[in-house]
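Below you'll find the structure, written out as structure tokens, and then a few comments.
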Amino acid sequence: MKRITLVMNCPDQKGIIAAVTNYIHDNNGNIVYIDQYVDRVNTIFFMRVEFEIFIEEHSLENFKTDFNQSIGDPYQLKTDIYLNDQLPKMALFVSKYDHCLYDILSRYQSRELKVKIPFILSNHKDLMSIAERFDIPFYHIPVTKETKKEAEQEQLKLLKKQNVDFIVLARYMQIISSELIQYYPNKIINIHHSFLPAFPGAKPYHSAYDRGVKIIGATSHYVTEELDAGPIIEQNTTHVSHLNSIDDFISKGRDLERVVLSKALQLHVARKVMVYQNKTVIFS
Amino acid sequence: MKRITLVMNCPDQKGIIAAVTNYIHDNNGNIVYIDQYVDRVNTIFFMRVEFEIFIEEHSLENFKTDFNQSIGDPYQLKTDIYLNDQLPKMALFVSKYDHCLYDILSRYQSRELKVKIPFILSNHKDLMSIAERFDIPFYHIPVTKETKKEAEQEQLKLLKKQNVDFIVLARYMQIISSELIQYYPNKIINIHHSFLPAFPGAKPYHSAYDRGVKIIGATSHYVTEELDAGPIIEQNTTHVSHLNSIDDFISKGRDLERVVLSKALQLHVARKVMVYQNKTVIFS
Amino acid sequence: MKRITLVMNCPDQKGIIAAVTNYIHDNNGNIVYIDQYVDRVNTIFFMRVEFEIFIEEHSLENFKTDFNQSIGDPYQLKTDIYLNDQLPKMALFVSKYDHCLYDILSRYQSRELKVKIPFILSNHKDLMSIAERFDIPFYHIPVTKETKKEAEQEQLKLLKKQNVDFIVLARYMQIISSELIQYYPNKIINIHHSFLPAFPGAKPYHSAYDRGVKIIGATSHYVTEELDAGPIIEQNTTHVSHLNSIDDFISKGRDLERVVLSKALQLHVARKVMVYQNKTVIFS
Amino acid sequence: MKRITLVMNCPDQKGIIAAVTNYIHDNNGNIVYIDQYVDRVNTIFFMRVEFEIFIEEHSLENFKTDFNQSIGDPYQLKTDIYLNDQLPKMALFVSKYDHCLYDILSRYQSRELKVKIPFILSNHKDLMSIAERFDIPFYHIPVTKETKKEAEQEQLKLLKKQNVDFIVLARYMQIISSELIQYYPNKIINIHHSFLPAFPGAKPYHSAYDRGVKIIGATSHYVTEELDAGPIIEQNTTHVSHLNSIDDFISKGRDLERVVLSKALQLHVARKVMVYQNKTVIFS
């Protein structure tokens, strides 16, 4: 008995829910979760189904092939099919800030966050001791203007070697190259420390302080070529006042960043995020 | 026995709190509220004091003069002194949207919002019947490109004639001219339907929808020459999802706008807002 | 072309989604919304479907009969079927507080709240003038210990005569009798001014103040025999501090009550609330 | 140059602010923060002042004595005076849940939480490895019905030996004895996983689930003899829906608990909490 997650979208059309659910029933699957959404403006249908089924791990490919022939092709489905007990491999990119790193590692250690972490990578050595504390390999790949290209090749080699499924930029302060982005489309998750689209780029807490805002925020999004403009997965805000210094903004912001990034990771890992037209559909 | 509110700022200096509180005690005043704040970066001291004192209404001017000579001048104070039982006169500018108008009038009617409303002014006739419902004079001053200048002169005449203290733009969809702003500096309160500085200008809900944000917001601020860039009084946000259409954004936003504008008005009316360097100090 | 809303629950079973959606397609209906939920503990299936269909208003009964024979009976469905353009009739019970009343009437007037309001009923005359302001019939039915029974008979007579669909207690300060509750099961909506189950009964803001809580709340729920213990539709909270007096609690609470009650009404009117085992399923 | 925090309350009386601030100025102190609050119902005055002053560490006692003679006695002040660079010693009591522990240790490690942690104490061995990971002494003191009294004596010995200033119950699942509470009055901080006063005692998430609430919460409070009834320091809530299982409640609750407890600790460590009549005054 395996639990399988099926995430799909297709042009909206009559009978699509019935077709998929009937297929699962006919293969003796038991649906334990179903959520769908229709974008009526663009007439796109989105669905996420979890079901239990008697299947051997090695015959998952056969299942996929048969499903695609029976349902996928006739209905023009774009489908992803996952075995729930196969934990995704998540690489962690960090720089010098440790709060998101600690938060992620704590949740990983408590099995609240169901991933494998093959390595932590940083352009600085500051957080090496934390990686050691949690027994996770740490790679120090410095990045300078001159060495940026080589550094990225080294990163890519490491990612491929470890068969990484997705990357988390846990306050990694470097801009990611096009090549890496194209290699991991909608699979690089960033945490930006403002409520985007306000205050993109560097030093958003300083800009927020200067503008005199009464709320600050954090945004987790997929990385695309345009800086801080990728599909938003999760956002949240908190109140600030004139009593708060920039240091207070940063400190309050850390709590937001932790919670927003962690929520985005949970959604991604549970395959509840679907990207469409630079936006996300978040299944319940 | 009168209750007086004193709002002040000055260069930060030793003994300023003692000087003011001693002055009040020496004049047999009883302090019932005191809040102060020091901007350490710019070394500015801000204070708001409420006190009860035996004074005739006609001798308030004497009190002001004496206070300014004894404390104001030596400490370089900028001071505003108000009699609490003198309700400020608030003019309402509206266009076609009625939700903020209804909300304000309800709070006004229930004496939750302690102001006088000499009139409601609009460039359209749509909301005239609401003004009538609440027995408030309604002036229809249409604004077109050609007549904008004349219309503003008419507005100004009306405002002066009624001795208006401050103006609320309750979703008034016109840009306010420099002249009016200079006549009412930090006394024109606007509600903008986004979490500024994101999505300034027209149609912020549409822009928010297109960007795929997971939160929307509203901002109440004083109107300055630069559009939607004045000192922020109050902001709030609420969550949205891919399930929400633009109409849902607008509908959820209405609730935010009501609450944010009403909160800003309460703060302004209670003289709890002090503007400094395009930001606000909000007393507790 | 009519838009119909179908709300249903039944024992969870294979093929139920397909059965319902196929039935609608076979009758040339076009599904524009579908949301379902399975309570896995009690194995109950809940679904809400909106669809467009060519049907005459007078043949809705035929449609219901046929649907029940084809799908309802074999699958043991409990079903409610509504024509979306038939606005429900909502009676308003009030006492002396006007903030929820004003809020509801404003939304009603703006067609944000899509109901008919046949009358406002109160045990006091205080809010009569508001009813007049909005041109809605007002009935004053005083309630004393001695006359409570008669008063309720009068209320019931009025409700029946006007064919009222549901009742809103917009801070109506009287306890509702069993008879009325049984006549309108899960159709009497109350707003209670605390985050239930904390502080049920009278004077919750005073109790909250005495306990020194840092948050206050409001809860909208269906009225059942046990006081303040019915199925919860919507709740929200806001922060308070030691700076806030009981009057501040009451004032902040008013904003919560307005928003929470209004949200509950919107959900009820859109037939998005389904009651099960003293809890609510809220469709998206 | 030392920074000193002075926290005080006294019967409200004229001239008290001036008396304290003048005293500090006369001793060449420079006030960098001042916040006061008057409970008008009980006519109690509360104040927290931070100031910089030239003073040797060993002459702090002289300062205290002189301050008490000059100001404390005449004004009936209850005063606490702290040197800001003396970090308080915080003992951590845990059981089997690790999320609050990880959160606290991460903030401690990052110097976000400015305390010394002499030891972690638990009635179970489950979290020993985390203590080791962070190089903090771990004491395993099992508690059974029979050994409860001895166990507490052992705890008390350890606390005294290490000169502990306050205790954090980071999901320590045991009830604290009167003796320990009397030894650390308003110095034992608990995190309870509900919005008190709703759902005190065991299994609040289960009770919340059964009641069908739409919000869950967490409360951090000082431990008093009555269970979960001590002065509340911080509370927060988050939304839940019928879609959430008890496990979801627990998981969402973990994030609340982390943030609420951490906020309470920050306030306590900064000496911003003052307890009065089973409530807290929280300075800004």
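Labels for the chains are A, B, C and D, by order of writing; each one numbers its residues from 1.
The rule is short, and it goes like this: a residue touches a chain if its C-beta (ideal position, glycine included) is under 8 Å from a C-beta of that chain, and two chains touch if they have at least 3 such contacts.
Owing to the predicted nature of the structure, the values given are computational and were not obtained by experimental measurement.
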item: Interface composition of copies subunit A and subunit B: same or different, split at half; value: same
item: Remotest chain, subunit D as reference, centres from CA atoms; value: C
item: Intercentroid distance (Cα basis), subunit C paired with subunit A, Å; value: 38
item: Rounded Å distance, subunit A centre to subunit B centre (Cα mean); value: 42
item: Intercentroid distance (Cα basis), subunit D paired with subunit A, Å; value: 36
item: Residues within subunit A bordering two or more other chains; value: 243, 284
item: In the complex with subunit A, residue positions of subunit B that touch it; value: 37, 39, 195-199, 211-215, 217, 231-237, 241-243, 278-282
item: Of all residues in subunit A, those that touch subunit D in their complex; value: 98-99, 102-103, 106, 109-110, 112, 133-134, 243, 251, 254-255, 259, 262, 284
item: Residues of subunit C defined as touching subunit A within the complex; value: 14-15, 17-18, 21-22, 25, 30, 32-34, 36, 38, 40, 284
